[in-house]
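For clarity, chains are labelled A, B, C and D in written order, and residue numbers in each chain start from 1.
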Amino acid sequence: MREEFIQVFITGGTFDKEYNFITGQLYFKDTHLNEMFVRGRCTLELDIKTLMMIDSLEMCDADREIIKHNCISTKTDKIIITHGTDTMVKTAKVLSDAGIEGKTIVLTGAMIPYAFGTSSDGFFNMGSSLGFVQTLPPGVYISMNGRYFQWNKVKKNRQTGFFENITS
Amino acid sequence: MREEFIQVFITGGTFDKEYNFITGQLYFKDTHLNEMFVRGRCTLELDIKTLMMIDSLEMCDADREIIKHNCISTKTDKIIITHGTDTMVKTAKVLSDAGIEGKTIVLTGAMIPYAFGTSSDGFFNMGSSLGFVQTLPPGVYISMNGRYFQWNKVKKNRQTGFFENITS
Amino acid sequence: MREEFIQVFITGGTFDKEYNFITGQLYFKDTHLNEMFVRGRCTLELDIKTLMMIDSLEMCDADREIIKHNCISTKTDKIIITHGTDTMVKTAKVLSDAGIEGKTIVLTGAMIPYAFGTSSDGFFNMGSSLGFVQTLPPGVYISMNGRYFQWNKVKKNRQTGFFENITS
Amino acid sequence: MREEFIQVFITGGTFDKEYNFITGQLYFKDTHLNEMFVRGRCTLELDIKTLMMIDSLEMCDADREIIKHNCISTKTDKIIITHGTDTMVKTAKVLSDAGIEGKTIVLTGAMIPYAFGTSSDGFFNMGSSLGFVQTLPPGVYISMNGRYFQWNKVKKNRQTGFFENITS
């Protein structure tokens, strides 16, 4: 039996990066997701679970297996995954190939860390993703730039940082 | 013939309020919507039009007629309206009573002005509304707190500031 | 015997105002001073004490007596007072008339609440005030707009919100 | 003849770094100094000049010669230099060794870029530096953490990121 909550899986990505003022590098500490839902005054029933906190360029097959396993085992049919933008489509393919039935899976991310204040797109993307996960039919989607894309009809343009439809 | 863009109508509300440091009062100057879509790196085709810049407690019948007229005359079937939260449901009723067919109309707002930086819920609500307007069937909806509500099944709880389902 | 710490007295003012999203009014909750010194990575020895949390237009004689009493009794010779800008000069006069000897007293404030994020001048003003309180000779000063003023040679221009020298 | 304005020299450093969302690296684009003085509602007469935009770890002898030359040739006796924190003391030594007489030179910086919003210490440090440059006697100083230090009695603690007095 499917339950009504929305499952949010955290995997890291630019979304949750922070600035280390000692080293001058970006790194991961704690997720900002909880704080974002409070600020968004979100009253949806959410289950937020951190699966990993990594840069998506460093995500390996085993990591994607963990994500897949969690998508399969969660009891709800509405799943949002925060993910680095560079390999978002690759993870989406793994989830699609897994043949998970009856679940709407939305991968989202940010181009600028949420921790960088009013310049970040993360808060907006999370809002859009919540909209899409509650309304789209089962499938695996990418949500970026206010839009949703079928996972197999999108690519990230590395020159501009925007996600674009693949027109085949 | 319906066109593909999303129509955004601005009516004011807390969303667009600013702090006047001379008088210490909140007031309206320019809208922040354009800036929000840039920050959200939104690549949807949008048509943004300011209908008025007022507090929704001061919105009168003539103002609602203007909103209705614009919803009827726009050539697209996807409409977002930014609106003060206090009378959002009242305007939604006017739009519903107008019998506008085949259009998805989403009213949204904010509890804290966008101009107040990282405490505002406005950017998140706009993200959600973009999600809902692209996916919900024709009708008039309220989008707040990460959720959508049928316009006639929701009320604002004045004590908490949250929108709640009316369970009749 | 004088001690080395800097005394910070909080009286409220725009500095510490917040937005009440239920009523749409500005109000006082907790001070933001501690958070500001953490963010400023301040390593000075500070003693921060909230004397009151009020709008300076509502400050009465008894309130100014409290401020005066505290300035007299603190064991340090370096005092910063956060204060609403509208009657800052009036309080400064009370402190000057008290004939407090050997103490540098700097009154400062903000035109936009610290809680309103990256638009506020409060963080900058607190930085300046720390600079002035450590270096100016004993006396009563106003610190605003990156400058310091002798308390009796300044007025707030109500039209512009800037503090200006009185040229007599 | 000395003039009344404050000279601000920009050299880059963390202060002015920005996040490149394409590469995920920090870089320099335009300075934020002008915007900071507007936000601080600063009414001092300032002359702001960008000498270079570099990381202070990459600053070479020729760069320091440029800074020195500009400090010598400016017509005012009040100079603020924004600078990366890692070699701030080294540049201060060059300026001190130059034997510039009658000028108060304050070097300041930030541990977190100004562009990263409400987490940055830069705005506070600029406020302090304005306070110090207007009040300290001629000499070369470092202003960080709300304090000023004689250039030859301070070191940056690389483990903590704080500036500390050298107690010899």
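The rule is simple: a residue touches a chain if its C-beta (ideal position, glycine included) is under 8 Å from a C-beta of that chain, and two chains touch if they have at least 3 such contacts.
These numbers were taken from a predicted model, which means no experiment stands behind them.
Touching subunit C and subunit D together: A, B.
A count of C-beta contacts for the chain pairs A-D and A-C puts A-D on top.
The pair from B-D, B-C or A-B that reproduces the interface of C-D, where over half of the contact pairs by residue number are the same, turns out to be A-B.
Centre-to-centre, using mean CA coordinates, subunit A is 45 Å away from subunit C. With each centre defined as the average position of its C-alpha atoms, the distance from subunit A to subunit D rounds to 40 Å. Within subunit A, contacts with two or more other chains are made by residues 111, 117-119, 161. The touching residues of subunit A, when paired with subunit B in their complex, are 36-37, 39-44, 111, 117-121, 123-132, 134-136, 143-148, 161-163.
The residues of subunit C lying in touch with subunit B in their complex are 14, 19, 21-22, 24, 26, 111-113, 115-119, 158-161.
Contact residues of subunit C toward subunit A in the complex are 117-118.
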